[in-house]
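For reference, the structure discussed in these notes is given below.
By letter and in written order, the chains are A, B, C, D and E; residue numbering begins at 1 in each of them.
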Amino acid sequence: ADVGACLITKTDTNPFFVKMKEGATAKAKEMGIQLSTFAGKIDGDVETQIAAVESCIAAGAKGILITPSDSRALAPAVTQARENGLLVIALDTPFEPPETADATFATDNFLAGELIGQWAAAKMGDTSGAKIAMLDLNASEISVDYLRNNGFLQGFGVDIKDPKDIGDEDDPRIVGNDVTNGNEEGGRTAMENLLQKDPGVNVVYTINEPAAAGAYEALKAVGLENQALIVSVDGGCPGVQNVKDGVIGATSMQFPLLMASKGIEAIAAFAADGTKPANTEGLDFFNTGVELVTDEPVEGIPSITSEEALKRCWG
Amino acid sequence: MTQSAPKGQSFEHDLEKSDKRVASFEAHSKGGLHRLQHILHGNPTLVPVIVLLVSVAVFGLIAGGKFFSAFNLTLIMQQVSIIGILAAAQSLIILTAGIDLSVAAIMVLMSVIAGNLAVYSGWPAPIALLVAFVGGTVAGLMNGLLVTKVKLPPFITTLGTWSIFYALNLWLSGAQSIRSQDIDANAPLLKFFGEALSFGGARITYGSILMIAIFGVLWYMLNHTAWGRHVYAVGDDKEAAELAGIRTDRTLLSVYMLAGFVCSIAAWASIGRVGSISPQSFYEGNLQSITAVVVGGISLFGGRGSILGALFGALIVGVFQSGLRLSNVDVLWQVFAIGWLIIIAVAIDQWIRKVSA
Amino acid sequence: MTQSAPKGQSFEHDLEKSDKRVASFEAHSKGGLHRLQHILHGNPTLVPVIVLLVSVAVFGLIAGGKFFSAFNLTLIMQQVSIIGILAAAQSLIILTAGIDLSVAAIMVLMSVIAGNLAVYSGWPAPIALLVAFVGGTVAGLMNGLLVTKVKLPPFITTLGTWSIFYALNLWLSGAQSIRSQDIDANAPLLKFFGEALSFGGARITYGSILMIAIFGVLWYMLNHTAWGRHVYAVGDDKEAAELAGIRTDRTLLSVYMLAGFVCSIAAWASIGRVGSISPQSFYEGNLQSITAVVVGGISLFGGRGSILGALFGALIVGVFQSGLRLSNVDVLWQVFAIGWLIIIAVAIDQWIRKVSA
Amino acid sequence: MSAHPILQARGLVKRYGRVTALDNADFDLYPGEILAVIGDNGAGKSSLIKALSGAVQPDEGEILLDGKPVHFSSPLQAQDAGIATVYQTLALSPALSIVDNMFVGRELRKPGFMGQYLRQLDKPAMRAFAREKLSELGLMTIQNIDQQVETLSGGQRQGVAVARAAAFGSKVIILDEPTAALGVKESRRVLELILDVRSRGIPIVLISHNMPHVFEVADRIHIHRLGRRLCTIDPKEHSMSDAVAYMTGAKEPGDKAA
Amino acid sequence: MSAHPILQARGLVKRYGRVTALDNADFDLYPGEILAVIGDNGAGKSSLIKALSGAVQPDEGEILLDGKPVHFSSPLQAQDAGIATVYQTLALSPALSIVDNMFVGRELRKPGFMGQYLRQLDKPAMRAFAREKLSELGLMTIQNIDQQVETLSGGQRQGVAVARAAAFGSKVIILDEPTAALGVKESRRVLELILDVRSRGIPIVLISHNMPHVFEVADRIHIHRLGRRLCTIDPKEHSMSDAVAYMTGAKEPGDKAA
């Protein structure tokens, strides 16, 4: 195992990244690559990720797979790594500009949002009476946060104004935005707060499935769980299970395992003969795909059922 | 051994005639503000109560009826309940002149342990909870031993154990939440404190009642038992307490263990509150519990303040957050406002304590 | 006014003959461990140095040549430099028996201000930096005024201002990083401390040199100027210092302002280190700087310890993190190990200080 | 003087780092007597009584109470054995009330269910008892027994500490410089209290730098020097000058020592 | 006694919450004299000298130095005006060395560039000066002038505080119970120092509860009672009994008061 590779995730606490790590570890073992894994302590922990990139250089790794905590701030460190001859692949979150890395294996987060937005709109039919609760990540408004948020709103048919800003819309159908920190506790509190503003909320966008689970609890506590459609993004197994159980109406599934194992393969190939991975045609990244998961499919939007999704969840 | 009654030194004969006054006391009549200061000085627990009432009134005016509904007021209670229980544990530590950065970490770790045992390993829920209670107490014991035996400052001890408990939590949970539905199916008892009494618009969860009950019990223990007097004495001056015949190390250990135990009760309550068991929740809970305690007027130097202050402190923070949100204030400015709340609440408290002139 | 030399009371005539000894001193010959303890007791700054050397040696054995390369060792210096500079500011506050939860928030806020002015508003970089320096000093002044004039405990003050500075930072930056390329194009001076001297594999950034220089200057100020003696005296016993004729409030204000200023230098250095200006970075920097200070053996109670300890403390933490990473330890267990590092480092320090028997 | 000492120490050694505070110190206290302990600053007087009262553990040597070896690992154990001590630092908790301070570590519980199972304190009983003890000491200028100790003057605090010791010391009462900060009038009260306690048959150890006070009340004087007992003298047979000369090393005691 | 007081106070009032610590207190100190201030515990002696030395600001009243009204808003200002004070609490920093404590607030800087621009301390000069002052006081049993103050015994600390005041008090030296915790030998040293300072022409204010000491060294005695000056007496014309009786309120002073 002369080939070393690094996986640097945003945090070690988000199941999405934990999954990614599992995928990379399994693939690396299979291919005989020595994998080191790193993660920031919290979302936005730029300095730990920079230190991790540097340690990979110091360790003489051949390539780095990274989900940048800040798509701009990590550019210099990554550039340094590439100058030192390492292959750098961005996973999940693209750099700004994307060419900062050799390649990007990602889901289109905006598209992921758009899909659930379209689904929710189609499900409602007449969206003029919609009352939308937006459950976002946190006060820092990082890229996943605004991409998913604005993707959803676009898909739903709301004028999103600045595509990089959350909460600048003036559509009266939006009840409000609140932050969840991407966990159940935050999801519940945020949902309660928005219900306070307008108890008639009937569409709930959530940044991820744990937040969706929390939102559902809040609705259930006041007996409104059947009034609102909850949509989310991620496609984690518990999330898909929640689609199956009717907690979440629809979720956009991503494939962290796939991203990671593709990434490992790319590094192996690069180490063997120097080939670099190519982007998906027409995109500035290699699309690992998004699938809409719902048990109530609507016409015109391709989707898979939760049954199917459970077999592939976070594959 | 027999000796006639002593007369003392020559210059002391006239002492019997001396008068008994020591220093003169005067009542000054001062302006209204000073009068208020004096009244509050005599009843320091009133301060957070007044701040609470004033903030409820102010937000009632700004945010209107939405804020003032029975539903919203009981909702604030619910939202505050977990941080409130943690603040009760935190108060115990702060009364002994310590500080505990690990309360929320202990709570989350114990909820993960109870959940893993009851939901995944199929243990009966009461046993799983019992294990969590014991675990919380042991975690508190670990903090307590480091503070009393290794003599580390509490800040450093709990800064260290915070990382340790946090790492264990991620390891045990694999960063995965346990779903609400799985809990319902396997161990509904874990969600007991999420149930509620509803009447009118009000919805009082058992968790809110638990919080109040915990404060009530701790208040009784602190004010009406010998143990409580010892806790205050140790926080006030540890060395003096030791010399006066208190087993200070034992008292401190009991306080840390009790705090750990209360955190594990909070763990149970948090499952009811959140619905699922989420290893990533309450990351900021340590600092939030400290905020509640200081806003409630308990001195960080130990030995002074009523534990009920922490309850009002938690409620004040809850009222602020709810009121700001209902007034459509951006999250960003909510963070900003909480910063000022901390500073202003403690500044008022300092002003009350400094009665002079 | 003339009076013959007094004789004192009757029982005192023989005093001249009394001997001058007060208590006996003995040198005990004890085991090696006790000898070591005694030596270190006399030179407490040696402790973190030894811990540092031992950890370098241990990780050298575990992680092998990768760890020991000139590249990696200078890399650790680089990685540590920002937290190191913050730890210098933190040490100043901790020496006065305070604690500053806002150092990293001040730093990030100032880097955002300098970046906004120089990159987006087109101000000349030196002026933008000057504004940041003044801003950092004013932020420190705000902390200082709350501590000295409003008499809030430093912990509470900086818990509050942390939120305030953090909110301002997100507001000013719109939570958006300023890209490296934009800085290069508009204000390359901001990235000055990212440049490096390279020889062999080593790569010493100006930022690392800056960190060492800052520690050098502060060490001189603390140990060779009157101001430094006053800082120690205030941290040791504020009331005694006041009575002895130190303007304690002025000293405290100067310390908070200097700490704020050092944070704004750290802001400049952080732009060089990170390459871009990221409003979300260093969220944990406050606690990390405290960790460096306590691992370096500076007492949280104030007045004791050398500021150089904080430098070694920061390096120890850096060596640990680098070593653990290069030894392929999972992040989870890295967090776990840092928790134990804090506890064990301070426990050793306590053991050294407790020389007895 | 009865034949058997009530409290005894043999060969006590206590080292603080390189300082030897107690260097093979002996000590004897007989029933019903007032024993004064005098010595220079730093001679080790406070260290001696701290060892006797369980506040520090001696490195070597043994302590005997009623002739039986005892080992106090905390002040509480010594107090439970009937040895009450007023330390130089008073050991009061400033933020607690006078009552709470008097009863700290020996609180009274309510009778019946509340006390036995809910461990409720009997505050009225404690208040009444505290008031009685303080009145005995002539300290009832204190208006409010629930006042915090930090609001009292130094003299009043000393009074509270002495009253606590007098109330709870059933075998031995030890006072470490109880009058150091007191005025003429207040010192007199404390001396009267000491004599009063002795008249109840309880022996007292009094540390003081005030020779007239010592010679006025002491039955025997233990002279401490350089960490050990130099000699014990009878105040009726020795003058103050002798005592001061011995204690400061200006003269060597003859074999006349008691 | 010369005609004009060097330090004077008129109608000082200081209230702490509901306690009036100073109630229209007057004070006069004449050049070259030793003025003793005596009074019960809590009479307000320490409050008086704290007001005179800038440690607390009186609510009412004025202070005159050399006949000119002064207003000290900090102890430093009083020190700069030549008033050096040893407080009851000593005001030493335990973790600092003896030298650092002696020079705190009045450090010496190196001459030339290092001192003027880099503000470097002149440690050797400070050490030499401190050693000299402590030797004068007979306190050179201290082996190491760089020793931390917390390693000293209570008596040695008191010595350092007194030496600091004696070294820097150019106009007035105020000592608040400087011998309270001291042994016989150590007290004697301090009294000798006081007489020595007086012989250099510097007036001294001495607060003490020890009547023999007061009557031995004082030129005049200010009797403080219930927050104000009751009277001033001449120790050669009044007995200790008189002083104690006045101070405790057992007797009223006649119009014989000086």
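Following the convention adopted for this analysis, a contact is a pair of C-beta atoms (placed from the backbone, for glycine too) under 8 Å apart; a residue touches a chain by one contact, two chains touch by 3 or more.
Computed from a predicted structure; not experimentally measured.
*Asks:* Give the label of the chain whose average Cα location is farthest from that of chain B.
*Replies:* In terms of C-alpha centroids, the chain at the greatest distance from chain B is E.
*Asks:* From the options C-E, B-D or C-D, choose the one that repeats interface B-E, i.e. more than half of its residue-numbered contact pairs are shared.
*Replies:* Copy of the B-E interface among the listed pairs: C-D.
*Asks:* Compared with chain D, which chain's mean CA position is the farthest off?
*Replies:* Chain centre farthest from chain D's centre: A.
*Asks:* Using mean C-alpha positions as chain centres, tell me how far chain D is from chain E in Å, no decimals.
*Replies:* 31
*Asks:* If you average the Cα atoms of chain A and of chain D to get two centres, how far apart are those centres in Å?
*Replies:* Using C-alpha averages as centres, the distance is 72 Å.
*Asks:* From the C-alpha centre of chain C to that of chain D, how far is it in Å?
*Replies:* So the centre of chain C lies 46 Å away from the centre of chain D.
*Asks:* Measuring centre to centre with CA averages, how many angstrom lie between chain A and chain C?
*Replies:* So the centroids are 38 Å from each other.
*Asks:* Quick one: which residues in chain D touch 2 or more of the other chains?
*Replies:* If we look for residues of chain D contacting two or more partner chains, we find 40-43, 153, 155-156, 184-185, 211-212, 244, 248.
*Asks:* Two or more other chains in contact with one residue: find those residues in chain B.
*Replies:* Each of 9, 11-12, 15, 18, 21-23, 170, 332, 335 in chain B touches at least two other chains.
*Asks:* Residue numbers in chain A touching 2 or more other chains?
*Replies:* 12, 42, 139 - these are the residues of chain A that touch more than one other chain.
*Asks:* What chain pairs are in touch here?
*Replies:* Taking the chains two at a time, the touching pairs are A-B, A-C, B-C, B-D, B-E, C-D, C-E, D-E.
*Asks:* Would you pull the chain C residues touching chain B in the complex into a rising list?
*Replies:* On the chain C side, the touching residues are 99, 146, 150-153, 155-157, 159-164, 166-168, 170-171, 287, 290-291, 294, 300-301, 332-333, 335-336, 338-343, 346-347, 350, 354.
*Asks:* Over in the complex, which chain D residues touch chain C? Could you list them?
*Replies:* Against chain C, the touching part of chain D is residues 15-21, 23, 40-44, 59, 211, 226-227, 239-241, 243-245, 248-251.
*Asks:* Using the touch definition up top, name the residues of chain A that touch chain C in the complex.
*Replies:* Chain A residues touching chain C: 12, 34, 36-39, 41-47, 50-52, 54-55, 57-60, 69-77, 79, 96, 139-142, 164-165.
*Asks:* Which residues of chain A touch chain B once you look at their complex with the stated criterion?
*Replies:* Those in contact with chain B are residues 12-15, 17-18, 42, 138-139, 167, 176, 178-179, 181-186, 188-189, 192-193, 196-197, 210, 213-214, 216-217, 220-222, 238, 241-242, 245, 247.
*Asks:* Over in the complex, which chain B residues touch chain D? Could you list them?
*Replies:* 1, 5-6, 8-9, 11-12, 15, 18, 20-23, 220, 224-227, 229-230, 232-233, 236-237, 239-247, 303-304
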